[in-house]
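Got a structure for you, written out below as structure tokens; questions coming shortly.
Per-chain residue numbering starts at 1, and chain names A, B and C are given in the order in which the chains are listed.
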């Protein structure tokens, strides 16, 4: 639908000279019946984003001529079970929008794009997140989300950063891709934690035919301990199945270290897709317990069209070393397991 | 306007095969000068939604083929006097978004529609609200809003519910229509009030030619007392006038009972519409006073076009048994009356 | 882009008879690297709106026939560095939306327009703000913003007012233009500060060929002291440069008086624009110090297209009489100066 709106606008606007210019309204509404059980308490919900993150966005591209273009991207989370928006961390520390109103927390950027690549400014996904999501059969959505993210000690910027300056390599480099990112905590210079929330990330990868693999590194400053993340992952498409794996390490200086990995696959079945993953994450604390949580997840997606799908996912997380990870809002005691499942419908526009 | 945008998109998109697919931006901006007087204090405001609730929304339908379609609907209240959004109750209990930001509190749903009817998931109007609104000449907007809603003890879900699973009968059943709804409070299972905010509603009706009538029942669980609502209403279009009436009862188990009714009419006058209603609601408390409030409302709507109208409404509410209902933000002492009027303009897009 | 969308919609909708009707999605995403230094602390930020206020809006016009039209305008601030929205003062006093969600704080109005002019209802810019912004080379955006606004004691309505009823003269009056505005604090009538936030403004001007000049007056009631604003300003376009100046006075009854002025110019340079301004504002307090802050600002805008521009601005503010004005989030001690600069990209859609 949106493609047609773009095409129309362009044709009428100014013909071939502006052929890449567009403004697009887009979104996903994904509703999920989610059940979670644990040794302490269970929970039943009509929630959202079991297959893909519900969102509403506005984006556009302007052809500047000479191979250059400018673009913007404003994308808000939508909790379509109750109508609220998401929340955003404005300073990569603790300042969180909390009112429940719509915020462009998923992405709010403006870019200049040319032969040199892309410079992107604003709030965006961090380099250190992408391997966890791109190489997770469940795409870090719903009850099947990789435990390397759910247990992560990667701090406020483990998924997104505000106040970021990003650079992306241009698209055509024989399969190689890469990005670098610097983000700011924006503190006054006369405070002890003046560097809190400042950080940088780097990601390089190679995608060609059936293979896609990437490595990411990041470091974010906090007075309580800088956080370094390192992860790599890849996918190999065999046709009958697509195999995925990633490894992730988060290290707080003078503090805990979290290490985990995922092994998974997706298997196309006509209009459907089977998804399965094993993921585990262990936190090595300086003292005391070393909690480990391990998840097994199995799911099926049935596409009614390109835009609309039904899905079901089952997952079980087991805990050791004092871990209390629970699924779908349940509560479980230390070293007990938790089960959860999702049933839902995802509709894109 | 929006219809043309849809039409365009469809034509360009994929021709006849996708003819029912669309994405639509829609809304209402309704500005109201509202005055209210009471025995304690008066109030003068430039407020909103005197004729119709101000809103901004996005909705779409995708034809899935085989008589099936998928749709979404995201609709936010807009307080256009000051720019804020509305608020939403996220758990059908007390968790209310309060920041003033835009939330899709009016409706945020995704649906699958077919010969079987419609399954709708998310936040939506409750079954128990519709008779109050559909059979009120003032449509529960502005100073004329039926007292069966304004005094209602129907609790957090008397208008809308979050986390709901709704089912609607298909359109063509010889005039019969109906819906059932289940909604969840989403509490942990190990708390005393674990069922708080869980509920269900049912509504059945018949609309054919000049007649429209419906009955609704609902029950919502709360540890402090389950709330049962029962109401029925109807409209009969005589041509020269449309008569409307409804009866509403809200009962808190082991607690208060509220009972009320409305009698009203709308009379078309060329490009205009006269609106009048008498409504009353009495709360039978277990002990103490039994407050009753009774409203007389009279209004006129002048349509400048299908999309734009001017309107004026006058109302007077009288109180007995300790009731203190006041209009348009005024304040009135127990058993005193309150007057109010609205002047405004409603513009739809 | 938006113009083409409008054109399309109109053509398909109903031909010539509806030729003025439209609904438009519009916005600006402006990202700024901003640095500020002061004697106490410096700050480095990736922020927004260095050249133009970032925003997302929806507006439309409906032709009602007979020279009449209706229109709406909903416009929200967008902090595109972190995804949050802006905030709005709902009662022209202290009630501020604070959740960070998107609010239509920049403008949320509905209008009726005809030969008589325009009646506009809702939240809008105040009459007393426009001379400061229209006759500032920096348009009250970014580090160069006129000190007559940054130091202003004009209170909650110095830029915008909620709950306003505005009237604008029709466009064709031989160059004369004008507007009057009344806004309400909406307090109950039995409180001591019942008039707080009530106010009115008036602005008259003349624009013809190279000249544009206007005068504005306003008064807003507060129990703590009514605030009167008076300002006038003008611009003269010499072709090689556009000269701008304004004078502004804010007076709190029985309290402080603020007085300031700006002298500035813009100089077009091919696809670029040089901007420069000197602005100063002094607060005469009843007792104690009389703080004065004076700013020198110099900037350059380079237009990559009509919609996209790069810009850089440098400014220095000096303080006397105890003033502590600092730039770009820095902090400076009394009577010390502060420096700041902006680098950024503005993209409109």
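The working rule: contacts are C-beta pairs under 8 Å (C-beta built on N, C-alpha and C of every residue); 3 or more make two chains touch, one makes a residue touch a chain.
Here the structure is a predicted model, which means the values were calculated and not measured.
Chemist: By the document's touch definition, which label belongs to this structure's chain graph: line, ring, star, complete, or other?
Modeler: complete
Chemist: Superposing the C-alpha atoms of subunit A on subunit B takes a rotation of how many degrees, nearest 5?
Modeler: 120
Chemist: Any idea if subunit B and subunit C meet via the same residues, over half in common, or different ones?
Modeler: Under half of the interface numbering overlaps between copies: different.
Chemist: Using mean CA coordinates as chain centres, what's the subunit B-subunit C distance in Å?
Modeler: 37
Chemist: Could you pull out the residues of subunit A that touch at least 2 other chains?
Modeler: 8, 25, 85, 97-103
Chemist: Show which residues of subunit A lie in contact with subunit B when the two form their complex.
Modeler: Listed in rising order, the residues are 1-5, 7-8, 25, 27, 29-31, 33, 40-47, 56, 78-85, 97-103, 304-305, 307-308, 329-331, 345, 347, 349.
Chemist: Which residues of subunit A touch subunit C in their complex?
Modeler: Checking each residue of subunit A against subunit C gives 8-10, 12-14, 21-23, 25, 58, 60, 62, 64-65, 68, 70-72, 74, 76, 85, 87-91, 97-110, 112, 121-123, 162-165, 183-184, 186-191.
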